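In what comes next, chain A is part of two complexes: it sits with chain B in the first one and with chain C in the second one.
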Partner chain A sequence: MLDRLFKPARDPLWSALAAVLAALIVSFVAIASSGRDPFAGFGNLASGALAGPGPLGETAIKSAVLILTGLSVAVAFTVGLFNIGAEGQLIWGGLAAAVVGRFDNPLALPLSLAAAAIGGGIWGLIPGLLKVRRGVHEVISTILLNWVAIHLVHGWLVAGPLSAATGSASISVAGTAPIARAAWLPRLIPGSRLDLGFPIALAIAAAVWFLLTRTRRGFEWRAVGAGSEAAYASGIPSGRRVCEAMALSGALAGVAGAFLILGTEHKYPGVFRTGYGFDGIAVALVGGGTAAGTAIAGLFFGAVRAGATRLQLSGIHPSFAELIQGIAVLLVAAPRIFLPLWKRLRSSSEPAASAPPIPTVQP
Partner chain B sequence: MNEILDFAPSLVLAALGGVLSERAGVVNIGLEGMMRFGAFAAAAGAIYSGSPWFGLLCGAVAGAASAAVHALLSLRFRADQVVSGVALNLVALGLVTYLLQSVFGSAGVSPPSPALPRDRFGHTAMAYTALIVPILFHLWLSRTATGLRVRAVGEHPRAAATLGVRVLSLRAWCVLGSGVLSGLGGATLSVGILGQFDSRMPAGQGFMALAAVVFGKWTPLGAAGAAFFFAAADALQRQLSFSLHAADLRLEGVFLALPYALTLLVLALGIGRTRAPAADGVPYEPEGR
Partner chain C sequence: MKRLLLCLGLLALLGGCKKKQEAHTIGLSLDVGGRGDQSFNDGALRGLEQMAAGLRYTARGYEPLPDAEYAASLPPDLRGQSFPHLKMPPPLVLSGKAQEDYEPNLQLLVDQGVELVVAVGFMMEPAVRAVSARNPDARFLLIDSPVLEPSGKPTTVPNVRAVVFKENEGSMLAGALAGELTKTNKIGFVGGMQLPLIKKFEAGFRAGVRQVNRKADVLIAYTGTFDDEKKGVEVGQDMYGRACDIVFHAAGLDGLGVIKAAQQAGKLVIGVDSDQAHVAPKNVLTSMVKHVDIAVYLAVKDVLDGKFSGGDVVLGLREGGVGLAPIGAGLASPEAVADVEKLRAAIVAGKVAVPATIEELAKFTPADPSSLGLTHAVATR
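Moving on to the complex of A and B:
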């Protein structure tokens, strides 16, 4: 039991790499089959993500958000819950940051981030409580909570009580009043939108890694995720641990929302459909549910997202990034697809090899 | 009432798809993606053939094709069923937008497609389908030998296997059927209601269908009833919102959020609390213990 919990996650790494590689090959073929030049397409993708401080900055700000929503999903995974609600938690976090960020004071930035963590954390705690107390499946409750958040915030709060616009302003200029300058995430390099969010996201990823793998609480979370009855029998209060992890999961998504508001939007806009919450699921799955894997996957998908804006130069819609992401998740979902290949590789290198271990996606 | 019969069919069909798959023991989070594929294929088929009926067929086939991916991953390769469904939704989101843009040159909406004809009461054939299919489905599931086998593989696949039922292939057929139903549900949105494809489709209907499955206790009649209830709540919400001038008060969001919040409340209070099929979501290993 302990062995299994502390065994470093090796298997998901190669299956994730294989999945990402296969997804790139599939999208390469897809571009080619639609009669466009795949090399030019991938060239534009790479230059949009990596060429110079501007594109690198775009990659960094998108990665920062994806790493946090990915960690949000990954933390819920550790206690065995599938959090599809990162989108709703991100929305509340962003709104909390936009509201607190309007008060101009020297501590505006940390206060806004804290408010976002609390706002997202509360929205994450609800499905945890519903699961533990009432047995409501978290997949259903988080889906419903996403829609409640989307409609309440966009259709009411931002359009009505918190709206800066008076009278009948069009929806594109609607939104809350701008936040104070002190609450902006400071930009780090001239000529690039790279802001303080990126180093904060990496630091949070390191902190989550430490929490999950090096502390008693992290161990207990994983024990609950491995089997809540066994964990309960050994004296771990499973219900409490599930709620704690879900609150942290929501808080991480909330901070991701704050990055978008404090870093780029500088107010809560009237139209704010990011999809980053759902992308977090892809990031966490491809990252194998570990903090380090999630950070790496977040960097990769951030680069794809940033690069996709230049795909238009090749006549390809930026939604292509979502396609690459989706295929990667499909392949990661089923590591056994690669099993025959793995077997062949093993048997050709060492003919008398015993049966290869069956890789599993964690958890 | 007319509005309910317009909006309910897509939800009813997708919810029945969810029931079929889950009663056979395969969780289907991918309803949303299957509806999206169905809606797009139906619009494209109707535009190119000129016939909305051919469009419906395309929608059903596209739904089944995407369901085949889910079946392959979760049954053949034993992928986690929830993860596989989520992946399907992600692929649907990206691939359909990509196809929409490559085929019709716009990432927003398709050109107008031929729409299903309406009878003198203003209903399309899908409205009657949504009333009849749940009853047929109920009779099939509860009264026929095949229906019994489906329920058996969802409750206790190993026991079913010892009686000679081929668990994996039966499950695969049920997932395919689930794809046909949700593909038709998606097609209802594009060629049935709007007469074109909108890239926001199905706008969360697949997820609502999932809630209807749970709400309806995994039974065909219950899920269809829940879907009608959601459609009615939505129509009522529209009416209320309209008559109270919610748009002027900028209160629309509160009304839009109500059906979701109420569903959650009902689930939380445990009204009609019940259990899922025993083997729902559990991969079946023919060689296992």
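Moving on to the complex of A and C:
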């Protein structure tokens, strides 16, 4: 069932576009049926995402995070694993960046990003090892590790040993002490929060594309994803490859967390409710599991998220962005799940012996 | 993608032509608790929508608020006072779903040309600091935190009015009431996140208990969040299971879960921020109210009267900024209520120094109850 979600549709780009367009139409109707002006609503949504450097900056910072968490899910899927743990990996990455970013030195920014990649990577490697060594299903272990991360980091580290002590009762500072200025992601345009994270995210997307489609390692990962035993039989160390991909997957989510800390918060805040890790699943699904598709889907959903701020001027709650996202995922996923079921139902009425499917390597 | 952007752009144009946004005088940005927390955010909304603008919020937008409904919607302890509606267009209220949404929300309100931007909650302090510096002509009301320098030192900014409350004073009254009424001598405190602000509630509450009843134990628990009702239910069930008969919560939305646990256990609970009696009339003993509504109302009034000024405002028992909501009918003995009133008078008169931190609480020695006239407290000893 799960793997079917990521089977490339015949024309993934068009099916994704159609799904997104249909989602927009459904949400358009939803606004209209709630008695509000859908044109004004969509106008506000668009201008909140695109009109001027301020809105574009918001789109960019949200997109950068969504692209990375989407890539995280997509990379895990190339080796056939469903990583639902991007949220936990993002949290560890963010925390690592907030801790390392406090040491003021000229290399604070790259060091913080590296720390985030390592922090997230370790948290991604754990379910990979559990899968390979002990056969623990990664869906279970990654979901559970999310909660471990949330409670360890939010419930203990940030509220306890790492919290910024203020001493005065009238000041309610939540979270860790601020990071050094040198660790901030530099902002690129005045009047906008657009920062270096966005170009870095695009570069990472390009690098992931190259890795997956143009290198031997990427080929081996895909071979493992297509059939790990067949890959093993042909001389690929499947277990190793699974662990590598999960570590990269975690590292990508970790860097996403670092973007939020180094770009906008400048410390690990006391309340860090993001959900971007889970949204990464949606981004990767709509993006068809490819690097380019994920980047485009991340851009789109980032824009919708940013536009939601302004959407409120039409009296619509910002959660509406998630409605659009949810419908799009449903429309992308539903045909991939239900069409094969439908076909099987129809073919089972005729007594035809179906040959076992031959595993193929995805392009 | 390009085509999609084109479509969106087209829609934007259509939307733009349609009509100009109506002018708003006052804008307000909620924190993650959001509308419907029956507590802090709803208090701010009451000050703005019901009291100042005379409107009620419905799924279809704002509607005029009938006078009878207005009178009923006011917290009972404010019903004697008069808060006439102010002449203003409907306010503009935004929700923040995540930390990084606060800054764009505040900037959007400024861009809409509102005369006052209300930022509800200390979590918005960094965003208020950034947006107020960028827009020196805009005016801001920040609730629950002073403006801070990047180093964390409190400071004042001419275009920001920062309101903080002496929650410890109101919490001490809640503690005294609980201390007098407990039969098991076990009382609970449930906080949200472990912040100095919430410790202030805890310190005042424990001081109140100690003032009237040295035998009572106070169990302390923190849920770690402000927006997870489930956690509140769990912690509440645990406390009532450990023989607590009264629990005080300062946990935002989590606190609604504590109230639910009180209902299940048939025990008493003390609400926070807004009067929460309507949530469970048989179980909510009282609420430690924090008049965010008054703070918002007064700031709006000052703006409309042209008298707005920045700087810090501290609201305690004396100013009526904190206090206890009316005590549930039949839930407390008249002697206990009389003692709490005497303690209130003593705090207002400056005879009792209420600890605001756990460190101050450690040094706190209760005044001799008889010197404050706390007759019932002496009897329980």
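Annotations for the structure displayed:
The definition used in the following text is that the second predicted complex is superposed on the first by the 318 of 363 C-alpha atoms of A that agree within 3 Å, B and C clash if a C-alpha of one lies under 4 Å from a C-alpha of the other, contacts with A are read in each partner's own complex, and residues count from 1 in each chain.
Everything below uses one rule, namely that a contact is a pair of C-beta atoms (placed from the backbone, for glycine too) under 8 Å apart; a residue touches a chain by one contact, two chains touch by 3 or more.
As the structure is a computational prediction, the values presented were derived from the model and not from experiment.
Shared-chain residue A:G135: touches chain B; no touch with chain C. In the superposed model, A:N44 lies in contact with chain C only, and not with chain B.
Once chain A of one complex is fitted onto chain A of the other, the partner contacts of A:A203 are absent, as it touches neither chain B nor chain C. In the superposition on chain A, A:A164 makes contact with chain C only, not with chain B. Of the two partner chains, chain B and chain C are each touched by A:S319. Once the two complexes are overlaid on the shared chain, A:L299 sits against chain C while remaining clear of chain B. Look at A:V153: by the touch rule set out above, it reaches chain B but stays clear of chain C. Shared-chain residue A:T309: touches chain C; no touch with chain B. Residue by residue along chain A, chain B and chain C are tallied for touches, and C comes out ahead.
Within the superposed three-chain model, A:A230 lies out of touch with both chain B and chain C [touch as defined at top]. Residues 34, 151, 154-155, 159-160, 163, 275, 317, 319 of chain A lie at the contact with chain B in one complex and at the contact with chain C in the other. Here chain A touches chain B in the complex through residues 30, 34, 82, 84, 130, 134-137, 139-141, 143-145, 147-148, 151-157, 159-160, 163, 275, 278, 281-282, 285, 316-317, 319-327, 329-330, 332-337, 361, going by the rule given at the top.
Remark: chain C residues 1, 3-5, 7-9, 11-16, 18-19, 21, 32, 59-61, 92, 94-95, 97-101, 103-105, 107-108, 112, 122-123, 126, 144-146, 148, 150, 152, 154, 164, 168, 193-197, 199-200, 203, 222, 224-227, 314, 356-357, 360 touch chain A in the complex. Residues 17, 20-21, 24, 34-35, 37, 39-51, 54, 58, 61-62, 151, 154-155, 159-160, 163-164, 166, 168-174, 177-178, 193, 260, 264-266, 269-275, 296, 299-300, 306, 309-310, 312-313, 315, 317-319 of chain A are the ones that touch chain C when the two sit in their complex.
Against chain A, the residues of chain B that register as touching in their complex are 29, 69, 73-74, 77-80, 82-84, 86-95, 97-98, 101-102, 107, 204, 207, 210-211, 214, 249-254, 256-257, 260-261, 263-264, 267-270, 273.
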